[in-house]
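Next come two complexes, and both contain chain A; in the first it sits with chain B, in the second with chain C.
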Partner chain A sequence: MPAILTADGVGKSYGSGSARMPIIDGLTLSIAKGEFVSLVGPSGCGKTTLLMCLSGLLAPSDGAVSFKGQVVDQPPIGLSVVFQDYSRSLLPWKTNLDNVLFGMRRVQGMDARAKRARAEEILAAVGLTGFGGHYPWQVSGGMQQRVAIARGIASQSELLLLDEPLAAVDAQTRADMQDLLLDVAQRFKQTCVLVTHDVEEAVYMANRVLVLGPRPTRVVREVVVDLPMPRDQLTTREAPGFLHARHEVLALIRGMRQGQKLS
Partner chain B sequence: MKPTTRIALLGLSVPAAILILWQIAALLQPTPLFPGPGKVVLAIWKNYPVILHELGITLLRAGAGFAVASLTMIPLGIFLGRFRSLGKVLEPLMDMLATLPPPAIIPLVMLFAGTGDWAKVVIIAYAAAVPLLMNTYEASHSIHPMLSRVARSLHLSRLETMRLIDLPSSLPMIATGARLAIASSLLVSVTSEMLLSTNGIGTYLQRSQETFKIDAGLAGIAFISLAGVLVNAGVFRLEKKWLFWHYRDQRPTE
Partner chain C sequence: MTAAVVAERLRVPICAALVLGTWQIVFLSGVVPEKYFPSILSIATAFWQMLADGSVLTAWAQTFGRALIGLVGAAALGITLAILSDLSPVLSRGFRYVSDVLQPIPPAAFVPMAVFMLGLGAKLYAFVIILVTVWPPYLNGVAALSGVGAVQLNTGRMFGLSNWGLLWRIKLPAALPEIFTGIRYAATISLIAVIVSEMLAGRDGIGFMIFKKAFALRTPEVFGLMFLVGLNGVLLNGLVNLLRRAVTGWHLRMMERPE
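What follows is the complex of A and B.
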């Protein structure tokens, strides 16, 4: 499978001179088309900064990010971002359907009616049939995040960058949303990069987990999760492969935390 | 009786009591310089075509000035909020203009632009511009950075971001600015007519005073208050209609 997104020696630091604070240093990764990759790391390692660099929202200080072979300097068409803060990322003066349609402004070769049908189809796929006419503030947090995911997919997306999308929803909704995300990613052929601090979630969702080191961060280990799709909340989480991967990732992160405490 | 009804009735009883006391005082003091409410009602009946005509001229000028200010200052405020460094450069100037009372520039503008309708519209537009610009700029430059990220990740151009994201998210604060600007427009419209004009309700009030027609003057004031109440009610309805998403299920605060 060809790489859809690559980062080559990416570095990012804020400030300059003695106040210079490096966040990312020499980070290299490659995401293949159709993969679901999780990025996990210790708290404060710069996961969100990395995702901003990968999406083109933030220019890296060193190295380069490429999407489908093109260097990324602006968010490219075909790449969409789902933010953690769904309540701020949706437009409260637009209905859920109009929010999804808003993501389709740059979609070409579709008339208004076709766009509407497509938006309704995607809303139905995220389980929001009948909620298109509601406003985001009239539905629950989990539903708002599903609208944001639908908007991302609707913008002719091939790659979804998910910045802790489920961190703000309650535990039960969270499990359902994990399965829903896996389902729509497959149905709409989305390559996914999920940034999360939840190791269980990282392993459950992904084909591959990239473990990030402490700040200034880089990829320190790749853990392949050799489990079949679709995943299942009960059996997957009990499978030896899941437990091994989880153990490996958790042990790594715990080691980093202890290393930080000692230093 | 419900407590809210009782409070409402009490609230009405205060102006009613004032009217009664005023009428009694006027009957005790029979002079045309101190007309009672009865005489004022009579004056309203006698003069309302003239008053409405003059008030119409005043409101038209106020409306034109407000419209000019809205059409220029709202886009400018949004623009300065998006191009932050330019906004920062102009901030001290805006602060200085904000503290200058608008009627202070009336004589100066009249010197250069004359005393015609357009000079008055310019002064009114200036008066309305300050609260509109300040509020629009403040709202647009304090928009949450998340919305800018959303705009960029949805591949919106800067112009589209200003039109489709910054403007709607700034509307609640723009509405507050618009209320202040409307009050300011009416104030300056009437004041400028009192200083130098041949028509408008300000001139009417001035002439009534100069010719000792106190009852006619009070009739004019009654119409100005009524116009103020009606304009406010209209703004309130528009806010409820356009900003429902901001107020959601609570009522907009007056």
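What follows is the complex of A and C.
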């Protein structure tokens, strides 16, 4: 599989002079088309900053990112981010449908009616039939998150960068959303990079888990999850491959925590 | 129907009766000489006569028109200045100094200078009204535009908006509710400025009429005209609210929704 996204020696620091704070240092990764990759790392290590660099919203201080073979210097067509703060990312003066249509503003070769039909189809796929006319602030947090995901997909995206999309929902909704996300990713042929705090979630969703180190962060380990798709909340979580991968990631993260405590 | 519901329905008549009743009691008590504190009836009669001879309607139209045009001009200028401030930190600081100095000056203080520079007439009104009315839309606009969240801006950029696109499609829509709060203040200020200008340098309008009648000690007419000025405020506010509902109705409904 060819790489859809690569980061080559990416570094990013905030501030300058004595206030300079390195957040990412020499980070290299490669995401293949069709993959589902999870990123886990200690909180505050720079995961959000990394996604901003990968999406062209922030310029890296060192190294380069390329998307489909082209160097990323501004947000490219075909890549979209579902922000950690999804409720603020939806535009409150637009209905849910209009928010999704806003995501389609750069889509070529579709007239207004075709775009509308497509937006409605994607809203239906994330279980929001009949909510297109509502405003984001009229629906629950879980639904807002699905609008944000729908908007990302609708932008003719091939690569979705998801920043802790399920952090704010309750456990049951979370399990449902995981399966929904896997389903729409497959249905709409999305390559996905998922940032999450939850190691179980990282393993459950992904073909590969990249473990990030403490700040300044880089990839410290790649854990391949050798499990078939589609996943199942019961059987997958009991499979030896799942337990193996989970063990490996958890052990790494625990090691990092202890390292931090000692230093 | 419970008493509470009746009271709710009759809110306006009850309040009106209370105000008029109090007025009439003060009048009957004779605390203030009748010359300066006429009865409701004589105010109403005087008002009716002015209505009948047409003078008050013309004056009303002139005053209301000036206030409305001044408000529209001030809002447009204030929003423009706010946008320029958002684009350029240098302009932003410059405008801020100017507003710090000009904002505390009351409309009356601008009138003599305006008379020297512009003479009597439309230009004077435009100058005085806009100079005192522009600040709330401008200041609210600056605060609102700079307060637009980074996540919203990143969302716009992710979907390919240029800097201009961000301004028109993200920043302004997000800032409009707060700008409208400024325009509502401005509506009141605009009316004050018109009345003051008409009193000091006018040849017509309600302000001028109030001045003329006051010199002639026509107290009932003065009170009637004051009532009309108050009514103008209600009307202008109503217009602004209609526009606000049309443009930022989403925000009003968002604020009203039960949690």
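Points to keep in mind about this one:
The working rule: the second predicted complex is superposed on the first by the 263 of 263 C-alpha atoms of A that agree within 3 Å, B and C clash if a C-alpha of one lies under 4 Å from a C-alpha of the other, contacts with A are read in each partner's own complex, and residues count from 1 in each chain.
Please note the rule applied: a residue touches a chain if its C-beta (ideal position, glycine included) is under 8 Å from a C-beta of that chain, and two chains touch if they have at least 3 such contacts.
Here the structure is a predicted model, which means the values were calculated and not measured.
Applying the stated clash criterion after superposition on chain A shows that chain B and chain C collide. Contacts of A:176 after superposition on the shared chain: neither chain B nor chain C is touched. When the shared chain is aligned, no partner comes close enough to touch A:98: not chain B, not chain C. In the overlay built on the shared chain, the residue A:232 is in contact with neither chain B nor chain C.
By the document's definition of touching, both partners, chain B and chain C, reach A:83.
Comparing which residues of chain A touch chain B with which touch chain C, the overlap comprises 52, 55, 57, 74-75, 77, 80-81, 83, 85, 88-89, 91-93, 102-103, 105-106, 135, 137, 155. Within the complex formed with chain B, the residues of chain A that make contact are 52, 55, 57, 74-75, 77, 80-81, 83, 85, 88-89, 91-93, 102-103, 105-106, 135, 137, 151, 155. Across the complex, chain A is touched by residues 149, 151-152, 154-155, 157-160, 170, 173-174, 248, 250-251, 253-254, 257 of chain C. Contacts from chain A toward chain C in the complex involve residues 52, 55, 57, 74-75, 77, 80-81, 83, 85, 88-89, 91-93, 102-103, 105-106, 135, 137-138, 155. Chain B contributes residues 144, 146-147, 149-150, 152-156, 160, 164-165, 168, 245-246, 248 to its touches with chain A in the complex.
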